[in-house]
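Since the structure comes first, as structure tokens, the remarks are kept for the end.
Labels run A, B, C, D and E following the written order; every chain starts at residue 1.
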Amino acid sequence: MDITTIVGLLLGLVALGGGFLLEGGHLSALLSPTAAIIVFGGTFGAVTLATPFEELKKIPKLLKIAFTYKPRDPMETIEELVALATTARREGILALEEKIETYDDEFFKNGVRLVVDGVDPELVRSILETELSFIESRHEKAVLPFDQAGGFAPTMGIIGTVMGLVHVLGNLSDVENLGPQIATAFIATLYGVSSANVIYLPLATKLKSRTKQEVLIRELMIEGILSIQAGENPNILGQKLKAFLAPNLRAPKAEAGEANVETT
Amino acid sequence: MDITTIVGLLLGLVALGGGFLLEGGHLSALLSPTAAIIVFGGTFGAVTLATPFEELKKIPKLLKIAFTYKPRDPMETIEELVALATTARREGILALEEKIETYDDEFFKNGVRLVVDGVDPELVRSILETELSFIESRHEKAVLPFDQAGGFAPTMGIIGTVMGLVHVLGNLSDVENLGPQIATAFIATLYGVSSANVIYLPLATKLKSRTKQEVLIRELMIEGILSIQAGENPNILGQKLKAFLAPNLRAPKAEAGEANVETT
Amino acid sequence: MDITTIVGLLLGLVALGGGFLLEGGHLSALLSPTAAIIVFGGTFGAVTLATPFEELKKIPKLLKIAFTYKPRDPMETIEELVALATTARREGILALEEKIETYDDEFFKNGVRLVVDGVDPELVRSILETELSFIESRHEKAVLPFDQAGGFAPTMGIIGTVMGLVHVLGNLSDVENLGPQIATAFIATLYGVSSANVIYLPLATKLKSRTKQEVLIRELMIEGILSIQAGENPNILGQKLKAFLAPNLRAPKAEAGEANVETT
Amino acid sequence: MDITTIVGLLLGLVALGGGFLLEGGHLSALLSPTAAIIVFGGTFGAVTLATPFEELKKIPKLLKIAFTYKPRDPMETIEELVALATTARREGILALEEKIETYDDEFFKNGVRLVVDGVDPELVRSILETELSFIESRHEKAVLPFDQAGGFAPTMGIIGTVMGLVHVLGNLSDVENLGPQIATAFIATLYGVSSANVIYLPLATKLKSRTKQEVLIRELMIEGILSIQAGENPNILGQKLKAFLAPNLRAPKAEAGEANVETT
Amino acid sequence: MDITTIVGLLLGLVALGGGFLLEGGHLSALLSPTAAIIVFGGTFGAVTLATPFEELKKIPKLLKIAFTYKPRDPMETIEELVALATTARREGILALEEKIETYDDEFFKNGVRLVVDGVDPELVRSILETELSFIESRHEKAVLPFDQAGGFAPTMGIIGTVMGLVHVLGNLSDVENLGPQIATAFIATLYGVSSANVIYLPLATKLKSRTKQEVLIRELMIEGILSIQAGENPNILGQKLKAFLAPNLRAPKAEAGEANVETT
């Protein structure tokens, strides 16, 4: 459960709605089905036109990730790598084969399997880096619809408001209701700007930062797997990988990892 | 037929038009020939000035691509490459000559032909990568007019609205029609912002993502062709190429491809 | 004569002016000397302040290029290079000396002369690539004033309109003329946004795409000159250079070029 | 104490508040709890949704850095490095071990320790550069919430103002208070634009420039540590490192550093 | 004296002020001390908060450069380098020592001194390129406050105007002066947008283009110094360096430089 996703979303909606209530408004005054059709329908249409079907299909999965993603602790990955390196030194590289069966990361297993298969180190690096760069670009592409929705929604809001004003100004006979009608026209702007800034854009930013975290973990894995293949000292390996992390993330579980260390 | 292009376009237009109808407006209130001349004429003029004639000529073809493009399945390309690699191993590289006659991709045939002609691998890579990078930059250039139309249209809308307001404010005697006249002035803004956000910009985005898909397929081809020339194991080749794809794209047809694999 | 530059410019001006006329306005209503002074004077002042004198002096020449540039056909350059390569193979590199006297491209002649002088290939490449990268950055710098004018003009328009409103609002006694006075204030916005979007920005874009075409031709020349120096097969040279071009540009004159080809 | 952070913040607030007072307004007219809820709550919600919890936790620490950061003098670092190089030349590299205990920079100590441990120079460079690039990207990530707040706040202000206008326009009966009510609606815009431009964005910029200064110091350290390992002449080292600095920063303490220099 | 800086600044101010006078306004109507406090005080506060003190101190010096900078003729630098190369060939590298004493460019003298001292060519290049890249990044950093002022000023103008409107709308009793009061509120927008577009942004652009010119001259120096160290033919050196320049800059003084040339 990604708590900041839910808290942030609720906070944003409550702040806007609550502020309006405290001003003495009724939330019903913010409801306008036509504005909703124009803004959300228009945004969805533009995003659909802009996005290949393969990408559109991923949106529900991405939403699930945004709300439930639990970031992995990079120190755990480092410890796993140091443990693997220790095993490889003591029992040989082939001993890694059965150990990796317990891991659930396909990328990691795939990389270790290449090492066990005795593939050339340069080729291992090239295969894993290619795979990682494609993972990265797929993730970036998958976030595009959210970014686009964040760009299209406010302009759809403006379109809705201008349409509303065109309608109001074209029929000025009903002067009594002029104010409420203009108010209704502005609801579209409200929908467009709010949905972009409370939902689409922050969600896109969150998903992008998740991608960066995933990529960091994978970079750790590539470095680790190649060091294991090169038969490097697990101690140096631990040192090198910890350089990828913030100092405060390095301390906690470091002892366990370093207990395995041998001197060359 | 690219279904999301048509669905997205219709969805956008229906949402905007439908929302206006539900508000109680008549669609005729959204028609303004002068606004259309200013916005679409002005946008077309600016794009024409900005774009060399060679690029302008490509627009109809690009529109056709946007509506009819059927993305190729990269797994099929990988399978073809693995099959070619198997043939090359069994029957020699010259045997590829007749096989490639059945392919319809000029880039692919061209690449295999270089290998059959015994051109130096470094030169093959350099020729194909140069060709690909020029394909990419030509595609990017071809999409520019759509991006530009998306940038110019809203400002043309503002110009049309300001012109309309100048006209209205200059002749205030006719107070009765003031409202409808201002409403008409806003139609230009509506045309400019809507055409940019419902048509031009999403279309440009769609075309760009098509380019990326094409480039990915071509990168697969380059890697594959060079591996075939190097006489690599078709098995490793399949592995390496699948690293370019998302995991869910790798599974479906993988068995067929791997059935061809031999061990070195 | 660059037809799209003139057609695009006229189209934009006619669309805006014609739309206004069809609305029933008089073009005289769009004339305002004070708005012109503020917008065009202010824009010219800002561009002058922002630009070194050396760059300002180039503006007339750039305008001439924008209106009269005739793009060279890259296939012609390729054919010339293939012909030169054939000559070099048959008669030796020194035979190029007199042939190049007929060319009118200083960059091309300069490059061939280096080859004839027997300068080291690495140095030839480095000299020509340096020269090309400086040509490119000089062209980019030369277009900056147009881009800047496109950025400053709309804000100068806003400044003019706000000044006009300040003037109007400061003297509200003359209620009769309030409308026309506000209308006049908006003329500045009209001048600023129109000049930027109908003239400056599209012109900058056109000039940038011309630069890209020039650079592509020069890249062809560098590749060709170095291949000639290396004594490459003219056939392979033609192949390699055609990879720089779009498929539809390769076909037309290809036969002539390939007729010269010898096999190694 | 970072004096410009405090002075700049006060200056901004005093200028805005003071300007309003001089116009004859009461500061109480700028207070609106509902606008504050909408703008600050909405901004905080959007930032929370956009940012992983690990990053949110760093905000208080970053604020402390922004207000108390004392930039290190790079000349001091250079002098320390020259002194270390002199020690290493005279007493051997192992003599550095006890000297570095007095330093308080973890990155520096870590680097020197690698040299003392006899780790291969290429590996030392790779470990330190990796560590630095991750430090840099962590700092950039940490500043993102401020940048985002600067982006979201003005739109939250617009949302608050539109909501206020919707409320006012929906209840036009109370004509007397129309002006003050609209005034109140604009307070939200004021909060959004002011908080972004007086606080969030300048703070983000300040923090980014601090990161650049830190990175420069660390780059000096890496160059210095590697030169020490290579046994370079402390004199040349001092020269080389001073090339990183502006001329006016090089002069002040240069004598002390160069007094240690020996000729090879 | 940089004539375009002064002419451009005056032109901009005269165009805006003159346009207002021709409209029949009095310049006194554009004066508003409170708007000045809000806009200039707010902008200065934001820039101060955003900028480290070391950078703020450089602003007066930068202003002096913007107004008095006299661009060096790159042909002169090339001629000096060719002359030095000729001296080095005839009299040996040590003969350069006394010649450079007359130059006033610290970077140039420093580079030649390294050559005279017999420092390794790779190290010379690395020291000079490092120095140049730091010069470049220092210059870029120094221009930031102008760019930032150009970004903050318009929003401070909006803040000032909204504050003015809040004040006016909160006290609608004085209907007579409503117009002039609103006019005064708009003065803040005028100050913000004008100062950004007539002063800050063009000044930042001018300073950036000066940096580019300086860097180009220094790149010439690095290439020249390294060629002298390598003992290259002064003729080829002149050719190579002239490739950095626009053709029209190459002609004027070329004869003098080439008179020194010897053939190998």
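Following the convention adopted for this analysis, contacts are C-beta pairs under 8 Å (C-beta built on N, C-alpha and C of every residue); 3 or more make two chains touch, one makes a residue touch a chain.
Worth saying up front: this structure is predicted, and the values here are computed from it rather than measured.
K.L.:
Treat chain B as missing and name each group of chains that still hangs together through touching.
P.N.:
Excluding chain B but keeping the rest fixed, the chains that touch end up as one piece.
K.L.:
Cα centroid separation between chain C and chain D, in whole Å?
P.N.:
Those two chain centres are 41 Å apart.
K.L.:
What's the distance between the Cα centroids of chain A and chain B, rounded to whole Å?
P.N.:
From the centre of chain A to the centre of chain B is 25 Å.
K.L.:
I need the residues of chain D touching at least two other chains; which ones are they?
P.N.:
Correct list: empty.
K.L.:
Which order do the chains take around the ring when read from chain A towards chain B?
P.N.:
Loop order (chain A start, chain B next): A, B, C, E, D.
K.L.:
Across the complex, what residues on chain A touch chain B?
P.N.:
For chain A paired with chain B, touching residues are 33-35, 37-38, 40-42, 44-56, 106, 119, 123, 127-128, 130-131, 134, 138, 141, 144, 148, 152, 155-156, 158-160, 162-172.
K.L.:
Taking the touch rule as given, give the residues of chain A at its contact with chain D in the complex, in rising order.
P.N.:
Where chain A meets chain D, its residues are 2-5, 7-16, 18-20, 22-25, 29-30, 71, 154, 178-180, 182-183, 186-187, 189-190, 193-194, 196-199, 201-203, 205-206, 209-210, 212-213, 236, 239-240, 243-247.
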